[in-house]
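Before anything else, here's the structure in question.
Naming follows writing order (A, B, C and D), and every chain is counted from residue 1.
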Amino acid sequence: ETQVDAFFTLEEYLRYGRQMTVRELGISGQRKLKTARVLVIGAGGLGCPALLYLAGAGVGKLGIVDNDVVDTSNLHRQVLHSTERVGQLKCESAKTYLQKLNPFVEIETYPVRLLNSNSFAIFRNYEVILDCTDTPITRYLISDTATLCGLPVVSGSGLRTEGQLSILNFNNTGPCYRCFYPRPPPPNAVTSCSDGGVLGPAIGLVGVMMALETLKLVSGAYTQDNFKPFLTVYAGYPTQSLRTFNMRGRKADCKACSLQASITEKMITSGEINYTEFCGRVNYNVL
Amino acid sequence: ETQVDAFFTLEEYLRYGRQMTVRELGISGQRKLKTARVLVIGAGGLGCPALLYLAGAGVGKLGIVDNDVVDTSNLHRQVLHSTERVGQLKCESAKTYLQKLNPFVEIETYPVRLLNSNSFAIFRNYEVILDCTDTPITRYLISDTATLCGLPVVSGSGLRTEGQLSILNFNNTGPCYRCFYPRPPPPNAVTSCSDGGVLGPAIGLVGVMMALETLKLVSGAYTQDNFKPFLTVYAGYPTQSLRTFNMRGRKADCKACSLQASITEKMITSGEINYTEFCGRVNYNVL
Amino acid sequence: MSSIKLKVEFLGGLDAIFNHVREHKISLPYSGEPPKMSDLIRHLADNVMTDKKDHHIFIEDGSVRPGILVLINDTDWELEGEDEYELEAGDVLTFTSTLHGG
Amino acid sequence: MSSIKLKVEFLGGLDAIFNHVREHKISLPYSGEPPKMSDLIRHLADNVMTDKKDHHIFIEDGSVRPGILVLINDTDWELEGEDEYELEAGDVLTFTSTLHGG
């Protein structure tokens, strides 16, 4: 391996040359990518495309949290798994492929369900968190943990033919998930992709957008001055469209991120905050 | 393999269940996908994500035209190739992975450069053409051939942090590439991704959008009544955005698609129409 | 009795309880005081919703239920006064379910 | 001498020859007849372009060069009269290079 400078080998210059010449990233952005540590929670419909483009771009370290195994019904949208890996852990299946795509990326897998008891220990090794999960329960846990750890969250979601994208806790001054949603939705109103269905490219597009937002965060495209809280909404039909809405800043009384915040790490790790109770359980009799 | 009905096995129902429950596609759309034959020209930054989601979705037959080989500098954005396949033909590399993702898809590779002499013979086996190529020369050839064969073209392109998407020759009544661009751009104004650089997720997003447009075409979401000629423009910075512009219909004097069209299959196959001359050659001395 | 013309959008699957129509042109009748968001929300629940048994999907405790975002001319309604916002002719009001799938 | 206020956008990399600014607020001066697209295009080339030697990137044979799409309020200018379109205050004029990369 011929070392060209303090940062990159010749092989790395060849590999990343086409993106380093893009003014918005540049060599300085590529250097930041190389030292960046990014955690992707969920290696499903959002996580697969996000991981493909983050690994391709040369993020230094990628963490993947997922305790689920690959199922045939995933493969129409979770395109980095494959038929021969049905039954394997998604995080390991993802690692296998991503390591072949880009051996320069260090990949760490966490074949666990993200819980009150493990979220802090995992998050503390990373600088940016991608929320590619499937239920409000985990989304609140991710946001609270990231906020207490001082980390930004790139948050994506999708269902059927639509998707949503936001950045939470930007620079420890932007709004968190609780600012947007102080009260959880009634459990019967929550539909996962497995239950409600989803088109592969629709959820895939949101995952790709998450990768680009992550590149922006890592390379410093967003600053305290230019960042405005946003929610971008994608619709696949009738015409593919993106709408970006201007969102509230931090809520003055947010339990997680405001000056009056009451939530502490201990309350989470001890289980005093019970996300499952907070979000309620689905009462199927109501339907 | 347990056959459930005339169309699908149990395994296929499991595999495609999550997308068949989406109202916009449905079981009828899934059946149309299974009998669809889709040709993707170019297995690069646009072709890779388009192919991943088209194969995942269960298109019956996919053709891949590309005579290029995988290069290290491709891998940041051409995420279905991998480091061990550097030097292999892109169309074969793509087939290897896609066949693992979805063995139900029939994949045919064409390790050739698309030329006047072979375009008709290849196109005639397909129903929808995806233009994932890199130069105006090929884009005019694709549009002319598709128009003369009566096929729609899903046309994508991208550079640096931006992208463009359109559908050409819809239902043999929509505008073709020549309607939009009767005169080619001066050759010095044309920049490829290899020369100008591109961010992986930016070009990737356009490729994913192309896959969804293809699903719409195949499943019949676009009709003679509701289809309006469009150009959708993606920008990755500062905020990821899509703008859709209302475009002209067929030009009354279009040489390829109008009632006064003068271009014939023979003029193309014989080489009488010389796309390289039409588009001109780059004169590097001018720069 | 006057009325004010508005554009109302239902995204994130919320169109399912409004006749599967994503964009509605609404003419909101009122007398006296100009109407507020709370008046529009009541009108949508009472007169535009397809089936009254879906009421709880849209309304909780007299306002929009948690998990539905409300945008006034592309801006979070929290920045515009929420229920108390005074509607103006031509306003675009967007209601979208939060999506959770991944 | 009057003037008309317009929004002009340069996309597809075309901002590079207009000071790397994607959105310009233009106040287009005119006297007599209301100005047309051809007047705006001349104004952009003469007064907004950063460097005169980039002229050929924007202009060819007196109009916008092939490979640049022009949109008038999000609609292809071919549907609006091209060079002859009469500008109105508040119009949004978009110029975008055709991209060819894949």
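In this section, a contact is a pair of C-beta atoms (placed from the backbone, for glycine too) under 8 Å apart; a residue touches a chain by one contact, two chains touch by 3 or more.
By chain, with names taken from UniProt: C, D = Ubiquitin-related modifier 1.
In this text, all values refer to a predicted model and were calculated from it rather than measured experimentally.
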Partner chains shared by subunit B and subunit C (touch criterion as defined above): A
Farthest-lying chain, centroid of Cα atoms versus that of subunit B: C
Distance from subunit D to subunit C - Cα centre to Cα centre, in angstrom: 39
Distance from the mean Cα position of subunit B to that of subunit A, given in whole angstrom: 29
Chain centre separation (subunit A, subunit C; CA means) in Å: 30
Multi-chain contact residues (two or more partners), subunit A: 160, 193, 196, 198, 244
Where subunit C touches two or more other chains at once, by residue number: none
Category of the chain touch graph - line, ring, star, complete, other: line
Pairs of chains in contact (touch as defined earlier), listed by label: A-B, A-C, B-D
In the complex, subunit D residues that touch subunit B: 11-13, 56-57, 60, 65-69, 71, 74-76, 78-79, 94, 96-102
Partner subunit B, residues of subunit A touching it in the complex: 11, 14-25, 49, 52-53, 55-58, 72-73, 75-77, 79, 81-84, 97, 100-103, 160-161, 165, 193-194, 196-202, 204-205, 208-209, 211-213, 215-216, 221, 226, 230, 232, 236-242, 244
Residues of subunit A defined as touching subunit C within the complex: 42, 44-47, 131-136, 139, 156-160, 162-164, 180-186, 189-193, 196, 198, 203, 231, 233, 235, 243-248, 251
